[in-house]
Structures are given as C-alpha cells and as structure tokens.
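Should a chain be cited, it is by its letter among A, B, C and D, assigned in written order, with residues numbered from 1 in that chain.
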Amino acid sequence: MPSPKPLRRVLIANRGEIAVRIARACRELGIESVAVYSEPDRTALHVQVADFAYPVGPAPSSQSYLVVDNIIAAAKATGADAIHPGYGFLAENAAFARRCAAEGITFVGPTPDAIIAMGDKVEARKRMIAAGVPVVPGSKDTLRDDEVAAEAERIGYPVMLKASAGGGGKGMRMIPGKAELASALRAVRSEAKSSFGDDRLYLEKFVLGPHHVEVQVLADTHGHTVHVFERECSVQRRHQKVIEESPSPFIDDKIRHAMGEVAVKAAASVGYVGAGTIEFMVGADKNFYFLEMNTRIQVEHPITEMVTGIDLVQAQLRIAGGEPLPWRQQDIAQRGHAIECRIYAEDPVTFFPAPGKISLLRVPSGIGIRDDSSVYEGAEVTVHYDPMISKLVAWGADRDEAIRRMLRALAEYRIQGPGANIAFHRWVLEHPRFRSGNYDTNFIPQEYKGLPAAEDGADPSATAIIAAVVAMLERQDRSTGAKAPAQAQSAWRANARREAIHG
Amino acid sequence: MPSPKPLRRVLIANRGEIAVRIARACRELGIESVAVYSEPDRTALHVQVADFAYPVGPAPSSQSYLVVDNIIAAAKATGADAIHPGYGFLAENAAFARRCAAEGITFVGPTPDAIIAMGDKVEARKRMIAAGVPVVPGSKDTLRDDEVAAEAERIGYPVMLKASAGGGGKGMRMIPGKAELASALRAVRSEAKSSFGDDRLYLEKFVLGPHHVEVQVLADTHGHTVHVFERECSVQRRHQKVIEESPSPFIDDKIRHAMGEVAVKAAASVGYVGAGTIEFMVGADKNFYFLEMNTRIQVEHPITEMVTGIDLVQAQLRIAGGEPLPWRQQDIAQRGHAIECRIYAEDPVTFFPAPGKISLLRVPSGIGIRDDSSVYEGAEVTVHYDPMISKLVAWGADRDEAIRRMLRALAEYRIQGPGANIAFHRWVLEHPRFRSGNYDTNFIPQEYKGLPAAEDGADPSATAIIAAVVAMLERQDRSTGAKAPAQAQSAWRANARREAIHG
Amino acid sequence: MARQQDPLKLSARVDGAAREVEVVEVAPHIYRITIDGVEHAVDARTLRPGSFSLLIDQHSVACDVRTDGDKHRVDLAGRTIEVRLIDTLRHGGVAVETETVGGPQEIRAMMPGKIVTVLVAVGDAVEKGTGVLVVEAMKMENEVKSAGPGVVKEILVQPGQAVESGEILARLE
Amino acid sequence: MARQQDPLKLSARVDGAAREVEVVEVAPHIYRITIDGVEHAVDARTLRPGSFSLLIDQHSVACDVRTDGDKHRVDLAGRTIEVRLIDTLRHGGVAVETETVGGPQEIRAMMPGKIVTVLVAVGDAVEKGTGVLVVEAMKMENEVKSAGPGVVKEILVQPGQAVESGEILARLE
C-alpha cells in the first residue's frame, strides 16, 4: 500500500447518514469528497452534500455499492486518492482493501491483514485467545448445517448462532433450544449471505443477563494506540442496537480502565490502524469477554464524540493521511453523558419496515442535540436499504439531564410519510429499568409488551378525536375531494358562519 | 417578592428563538411552559413547542408583548406561577418585575432594585465607580438635546451617544464629529423610544480600537455568585453583534480571570440574582472598562453553554426556584471553542430587512452544530419583530476546528423566502483578520466593502447560468405559466427527445 | 353566546370505543367540540395539508393527520391513534362497522419485499400468532403471523417472489 | 453522439457581462450546456419547484432559483446571482436591456415599514449616496440613499406614514 500522504480527494463508498457524516468531516478538513450513488439514490442527501458524485449502478447493493469494480472505477473517474468505506457494504472486506492498495488508492481503515484477522469472527477468537484476551466459550470453527445441532448440544443451550463475517447486530440469533434451531439456521444463513455475501456460521455459549459494552480505539501508522472509552449498547431489539449511551451506567472506573487496556492490547495484537471498536460481553458479575472487533467506524460513534470532544471521522482521515495521534491516553477524558436513539423507518407498533416519501420533517435542535440524518423533506426512504432515517443524539452534564433532553427532543421530532419508532424510544427512556441504569440485553425482550394505550394522566383519544374533526373540516376548507358528507357539513358550516355574524 | 419555591408552570413573556429556548429548558426540567402570542404569532414556533398558549394582543409589540397588564392577565388565566421574560421586551423593566412580585408571581431574573441599578446606564456607571469597577469616561448624567453638543465637546470627539435604557447593541451610535451630531441624536432618541419606551440619552468617550468582551455571571438566592467565563463580541455591524465566540482569542488567562473577578464583584455590588452579563470594553492595550450589565439572559448565551457544559436557562429556572448553585468557581471550566452566527432575515447585499414566508428551509446539523431557531418551513418572518431567524452555533476542539465546522454548516444552510446573511458570515469566517483572532469592533466597518464577486477559483456565474437554464427548462416540464418562448423551447425539446431515441 | 346553529353530531370510534361528538364552529378556525358531554374550546390552524397546530383549552398540541375516507390516522408526538368519524345524521345515529368480523382471513404483506420462505402448507391448522411466511424487506426478515385460528386454504406466493405492500399472500378459513 | 437536433441558443446576462449559451438535451434531465464554447455535462433533478440538485461535470451543486420572466435569481450556498436568459432566436441574437438607464430617478421603499424622517426638501440637490429618508422596519432604522445625483422633484410620504415594499417615496430629476 502507498506510504501515507495527506488526503486530497476522498471517495465515500457508502450511502445514508454515514456518507453524509464523512462528507462533512472531509469538508471540515479541507478535503474534497466524492459521493457514489445507485439509481434511486441520485437525489439522496449524501449526493447533495458531497463535492462530487458518480453513479455506481442500479438499486440492489449487490449490483452497486457492493461491486468493487464499480467503486474503483468511480474513484478513477473522479480522481479520488482515497476511499472511505463507512460501515457495512465493503467496510470490512479485505479483498476490497487490498484492491485499493493495488490501485494506489489509500483505504481509510486498517490493513487487509488486520481486517482478515478480526473480520472473520472465528479467526479473531483464536487470535485473541493467543493474545491473552478473554473470550466467550464456543465452537472452535465454522460449522456446516449438519454439524450445528451436535455442536449446540456440546456447548449447551441457550446458544448464539453467528455469521462468521457478521457484525453490527446482523447475522446472529439466540437459540433457546433444539426446537428453534432449524428456522434460526435458515434465517441466519440467508441474512448472512444477503448482507455479507458469506454464509459461514459458528456457535457461542449464550451468556445470561449480558451487557453489551464496546470500547472505541484509535491507532495511527506510527505505532500509537489509544482507547476513547466505552459505549453501553444493551438496549437491543432482535440483537439490533436501538439506543446506546456513554459512559456505561453499569461499569465503574476500575472496570472502565481495565476494558480500555484490554481493548488497546487486542487492537495492537493485530497491528491495527485507524478507528476500531472492541465489543465486549459483560456478565452480571462484571466479568467481560471479547466478542468481536469491528474494523471500521461504528454507527454509534457520535456518543463517544459528544463526551470526549474527539471527532473520530476526522481522526480516521488524519491517520490515513499519515498524521500521528495528537493525544496521549491521559489527554482523553469523558465529560458529561451522551445518548443515541436510532430513528428507524418502521411501523411504531409492528416494527415492520415502513418506507415512504417524507412529506413532513421537523427535526429537533437546540442545546445538547445532534442529529445525524440521511434524509430531508421530500426525500424517499426506499425499501432497498437499511431503514435507519437518522441518529438522534443528546448530551447532558449528567445521565439524567441527557435522558430528559432526549425526551424533549423526541417530543419535537415530527416525520410523516415513512413510519418512525419515536414512541418506542420514549417508552424506553421513560422506563424505570432504563432510568435506573441497571439493564442488560434482556431489557427489551423481557419488558416490552407493546406501547401503553395512554400516557400518564392525559386523554390522548379525546385529543385525537379533536384532531380528526379538525382534519375533516379544514380539509373541506381546502375543498379537496368533496363528497356527500362534505357537502352536508359545508352547508352546516355556512349556516354556522351566518349565525355567528347575526348572533 | 414571594420566597422561592420550585417552579411548576412558567409563562414565557417573549417570542422567537428565546421563547423556544426557554420552553425547551422548562420541558427538560419537568416544568410546564406557557407561550404568549400576538395575532400574527398564533402559528409561530414558540407557540407550538410550549405546553400552553395564550393571546396577548395585536401585532405591534407596544400593544402585545410589551403590555404588562396583558402578560399578567395571561399568567393568571393559565395559572402560571412564574414568568421568564427572555431578552428584550419586558426583560429589563423593573416595574414589570415589581408587578410580578405584587401579583405573587415569581419573576425569573434579578430583583427590581438590581434591574434599576444596572438597567439605567447612568445609574450603573455611578454604582460601579463606587464599587471600584473601572468605567469609560463620559457624561455624569442623562442629557437634554440642547446639552449634548456642549458635553460632546467637553469629552472630545469621537463620542458614543447611548440610550440610558439601551442595551443589546440597540439605542447607540458613534459620533465622529459635530457634523453628524444632529442626525445621530434624532435617530437614537427615536430608536430608544420605540425600542425601550425611554428616550433618555448620555455620552461616553469613544475608545479607539476597542474589543467588546463580556463575562457571564450566575448568582443564586443564597449569596453565591460565580462567573462562567467570557464571550468575544467584537464582530459588529452598526453596533449590532453578528458573530460571537468563546473563549476570546484576544485576552490571555491572566486577564480572563481578572475580568471574571471584576464581573463577580460588579454583580455582587448590586445584590444580583440569576443570570447576567457584564459587558466590558477592552482597549488595544488590554485595559478593560465596565460598559454595562445586561440583567437578563443574553442572545449569545449558547456559546458559553457549549464550552462550559452549563445550561444557563435551566440555571435561571433553578435559581428562581430557590436552588443553590451546584458549582463552586473552580468547578467551572472552558473546553474547546464555540462560535455563534446570527442568521438575520436581511438582503445579503444591502443588509435591509427582508421578511417573507419561508418556502424552503434546510438547517445544517451533525457533529458540533447547534441551531437555536425561531422558524420552520412554512413559517412567516414578519416585519413586526426582530429579523433574527436563528442562531447557528459551532463547537470545535479548538478555534480553527470551530471555524471550519461553522463554514461547513453555513455551506449546508438553505433558506428561501426571506433573505439571509449566510454569505456575509462566510466572508467574515474566511477573512484573514478574523482567522488571526486579532480583530476589534472596527473589523467590519474597516474591512467590509461588499461581498467579493467570485469565490476562489470557481466560476460561480457559469454555475448560475446552468442553474438558470435548468430552472427555465424544468419549469416548463411542470408546464406552469407557459409563454411564447416556452412553447418554442418545448418544441425544441420534443425534437430533442425524438432525436435522442432515433439517434 | 345567545343563539347558535345546530351542532354537527358525529360518532367517533377510537380504540374500539364509540364516543359522542358535537361540533360548533364559533368563528373561522375556532370550534367548540363536545366529547361525551365534555366541552373543549379549540383554536385550529392548518400549517400545511394534514399538519395542524391546535390550542385545546389553552393546551398547545402539534399533530399530523392522514385521512382516508372516514378513517383518520392521528400522529401525536410519535404516537399514532386511529379515529373513525361517522356523521350520525347521515347514518341515523348508527355507526356502521366496515371491518370484516370473522369469516375467511386474508394474510397480506405489510410492506414491499421478497418472500423468503412459506412456513405452512395448504390444509395446515394455524393458531393466532402462528408464523405463516417470512418476508424480507430492507435487509431484515419479518415473520408474517396469523391474526387468528384457522386452516390454510390457499397460498398465493412462493419463495423468492417479490410482493407489494397489501398484496394477499395466503388465505385461511 | 452521431446525430442530434439543433441546440437551443441563449444569451445569458450575469454581472453585466453577456455570455453565449447552447443547450442540448441528451436525455430527460441530462443536458449538454456550452457557455462561451466551454461544454458542461449536466444532470439536473428538481427536488421541489425552484430547488435543484445538479451534477455539473461530476461536481455536485445544490441551488435554489427564483424565476421572474427571463430573470433568474440563483442562490448558490447563500450567494445570490442574478441571471437573465434571452432566447436569441426570438430576439435575433440581440439581448434587449429593460433596465431604465438615466432619466428621472424614483426612490422606493426596499421593505415594508414606517417613515421616520425625510432628510431632504423639494428642490434640494443630492449626490449619489445622499440620505433621502429614514425608514424604520423590524425595529431597525435604515437610511434610504439616492442612487445617483439629481434634484428632489417630489416627496410622496411624510414621517409616521406606513409604506409598502416597492412603494415610491420620492422622485428626483
């Protein structure tokens, strides 16, 4: 790979909010950015905020964002000297990183070897054991369909079935017992294939009452590695992170620093360069085990930026440009508390994806609020990609202030067209178990029984009825689609007006 | 006034972004908020974000927001137990504060006596001299029209003519010499009358090359006063602040702490309670003089919140509720750097107010960006009130990062309908004198000669021509207002399409 | 007010319950709305089609409403409540239910997507909540469940097939 | 491309300069636009009326355009540029100027507001930039200046009077 030189023009091999995030970091560093887009993404926000844009194919990511040749061709055509992969898509694809090097393009991320070492979950487990990093007991290697049942019995249910190439909560499922094995196997293999183009699977012992706590690391090309503290990611639905916070309310400073040191050791053991995340499972007993390393920027990175003041994406670009880290470990400190709510385009009740054209969008702002969005009013949330609309982040001087600020922001958030999980987030943030800070990954599965019918005290149905009546009458004011009842009511209204004048 | 008790329901006697700001602070503290609105403000944002809303009169503020009886009546009708005045309007009206006390309503601010002592600039000067706080030489008392000329001669031109009740950059004018005296006198008296209902004036020596640096203070009802560091406010146009930053790039830590101590002394000398700001004039020689104290929350308070992590409006509400300050002076620290750009609805070239209905609004967001807005898409910016649309704030780990981040945000900011001074802000932030951090209040008057025709390298006119051509052709796609040339071009287009197919 | 016209009488259905509604327009955009005898003073402004700022007895409420015939989906701060409004004058005071009660059940796609697997066969007996098919959309798999007990009568799709939102996937009886 | 139709020929006026423009539509929303001989590949999408996302030779440009007849006010990242487009086929290649050059000058209100003072009297000689009136709007006073030298012929307003945007306040000759 070419020796690091300051980046001049960076192609962003991604879409959505992370592509917007990277374009912003580039602009702030005086680096030009190149967006790539699939056909339905021509008018997507990431295309509008970048300096340049280039098409890479039709809607399916398997024919556009995942096609290495198309991405490389776009980089050549636009004269990009570097590629930032974001997360997902080609972010943890070693062959792609190697291809970039072969083409003389700087890959903003670790070396192909580090990606292979960590990207393959089974490989990583072996490496970590060797490096003396604690790991969760599980299968030594990947498994064929006919091997899974026996291995599951050996480890003992409940077990976790995981895609070897998986990550970010995708391609994994908890299997409580033999009965659920077959359907889980089918689902995870298909999800692994469609999401990562690699359907190899392995099993891990399922730790009960586990916390998912991850540690952010940064490593430069001069051999320096630091950790940027932790993120608590235990609010999960179907193993999908929904809300993250930093610092973790579960661990104390002693464990915090111990995990940080282990994270640095884990990263250094594979010669890691750039921004990466070490995911740990922390048991109720506060013992922590290495789960996996994500060799890329993380969806939830903003909460770390809010509490440390460090711009992680700018750091990625500077590191890729050959700059040394400007901080020693002791220069990095947490201040206050940050929470992230992932706003998904989904039905608020069924959680089914609910795409659509955004007809109204009012995003909260003001003190302590950050919104990393992929959309704008008039944008289309399509069925082709992840349903994440934006990441809403709140910072507070302490955890309680951050929670109350987030609730304020969620109350201001208005979106029409796609569905959105605003009400679900409010339910979580108002839940005593979350408020106490003492929750694990079982929180949602155990506590969530659907949204409560009414909010404390208020009579939402009376308000809803009034809103509906107003909508009916005001709609007729605009005299659109006048129908029988409309006429009747218009007559009633004319009469009302007359009376009002004479009365 | 009633002995402090936790606030339950706060009426916000204001409009625009500060009313929205206060409603947010209330919600975050679990306090109910009551908005008041003039007729054209019925659908203003501050009405929508509050829990309750009550009308206070027609458009002119002299018949609505400034009418004490209407505000008190609104508080009674909605059962508010406290009133937050924001800034401007009744914020520094001692009679109003006294009336609140008489009605048993908590006034979120200092005592009437403190308002009088500081609100009257001439009074304040006397008090500060007595307290040993350095002040700018000037007239001992307010002046009649026939006295001004003689007094100006005595002090020596250039002089500053100021409204005794003035503040916030309003009701003041620099007079270079005798010739300009008459017109300045007329203008300032009328502005003072219309803005403050009090046209008393006084004169001050005009300090050359001055910096406007102000210090934020907080004082509780238990006798504790702290300062929350400074804001540099020297980027002014017609004595109107346009951009503020914190920390000040002009002063060093020694002066920073000295000013902080003097500010605390000044506030304590009048038994100040709540949030207030001591404005200083700092000469090129770094000597500083007390200018005035604003006995209210300041427009530019967010930059202090960004660097200290202290929510000043929440602090006001807690103090009014009788809570002691939770910090000692040594607990308060500055972290990083924050800049505020005031987005005004004005013609980008002439700076004349340019109101209108907002047909498009795209507000920047993402890392380090805060927007305190008074509008939404579809809202009307009326001619009746201040032209400020929003306050855009950028935080960075250092001053350079904050500036580059703000430039990124300004590049994303899109608003159609009213005019906006986006391009002007970009000009300031890109100006070497601003970038150097070594600028005083003469910066704009001396440097600004209108916006540069073209930006570095780019050919904006070619881009503009292309945009115009597209607008012309796409407009005809929507076949609106088809006219002669439209027909011609449509024919041409039909032909083009045919060719494209057969060609 | 001394005199006034007859109020508009409506029956509102929300959360299964029926509520009596009377509406009087006092002035343009100003209404007096009575629900089960409880009167509310309402000041209603349309910010844009379907988006409103309401003042209900001084309470400020922002809401968005999607109207489809007599069905109104009301979004209150992220919480969606469906309200049906029936003009009782028109229906002689009887609210007409249009939802199918009982009878053969249709399993429909909740969103556009691709069929991953069919979990049942024709003739299978299913319980309420039994998984019938797995649909993939937006890179996530979603199990479509039976809304009630029944027997699979017909399966109209097969794995790999793309389906539209609302499309009928299977029939039960 | 082998064959193509005749390009649309336009004359563009921006910053006083006239520039020759040729437009060829290659496909819907895809144009080849030549300005003074320099060719640009343009992919233009309308996000909403007057708001566009352009790709000009791979450069991504977001812009908003307000069109009034042949005048187009183009907003590029907060910078406003006025462009006049004249169909040269229609005008035989001659761009017609409509701005009044010289002649009696009219002083107009730049915004709605209230007259605070009149600074001149009929018969006064004024220079370019001489203050003629003071108008208050949005709580700020703004001096309306003369755009060129002349003599005050007529004053149509008086202090305290409310004026509309564009209203004529005074005439010079």
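In the analysis below, contacts are C-beta pairs under 8 Å (C-beta built on N, C-alpha and C of every residue); 3 or more make two chains touch, one makes a residue touch a chain.
Quick caveat: nothing in here was measured; it's all calculated off a predicted structure.
> In terms of touching chains, how many steps apart are subunit C and subunit D, taking the shortest path?
Minimum step count, subunit C to subunit D: 2.
> Counting C-beta pairs in contact, which comes out ahead: B-D or B-C?
B-D
> Between subunit A and subunit D, what is the gap in Å from one C-alpha centre to the other?
So the centroids are 46 Å from each other.
> Measuring from the mean C-alpha position of subunit B to the mean C-alpha position of subunit D, what distance in angstrom results?
It comes to 31 Å between the two C-alpha centres.
> Provide the C-alpha centroid distance between subunit A and subunit B, rounded to the nearest whole angstrom.
Chain centroid spacing, subunit A to subunit B, equals 37 Å.
> Give the residues of subunit B that touch two or more other chains, as numbers and ranges in rising order.
49, 376, 411
> Residue numbers in subunit D touching 2 or more other chains?
Only 48, 62 qualify.
> Provide the residue numbers of subunit D that touch subunit A in the complex, in ascending order.
43, 45, 47-48, 53, 55, 58-60, 62
> Residue numbers of subunit B touching subunit C in their complex, please.
It is residues 35, 42-43, 47-54, 77-78, 376, 378 of subunit B that touch subunit C.
> Once bound in the complex, which stretches of subunit B touch subunit A?
Listed in rising order, the residues of subunit B that touch subunit A are 20-21, 24-25, 27-30, 49, 302, 305, 309-311, 313, 335-336, 362-363, 365-373, 376-377, 397, 401, 404-405, 407-408, 411-412.
> Which residues, counting only subunit D, touch subunit B once they are in their complex?
Against subunit B, the touching part of subunit D is residues 1-6, 8, 10, 12, 14-15, 17, 19, 21, 23-28, 31, 33, 35, 38, 40, 42, 44, 46, 48-52, 54, 56, 61-67, 70, 72, 74-81, 83, 85, 87, 89-90, 110-113, 116-117, 119, 131, 134, 136-142.
> List the residues on subunit A that touch subunit C in their complex, please.
Residues in contact with subunit C: 170, 183, 186-187, 190-191, 194-195, 345, 347-350, 352-355, 359-360, 383-387, 410-411, 413-414, 416, 420, 422-423, 425-426, 451, 453, 455, 460-475, 477-478, 480, 484-485, 488-489, 492-493, 495-500, 502-503.
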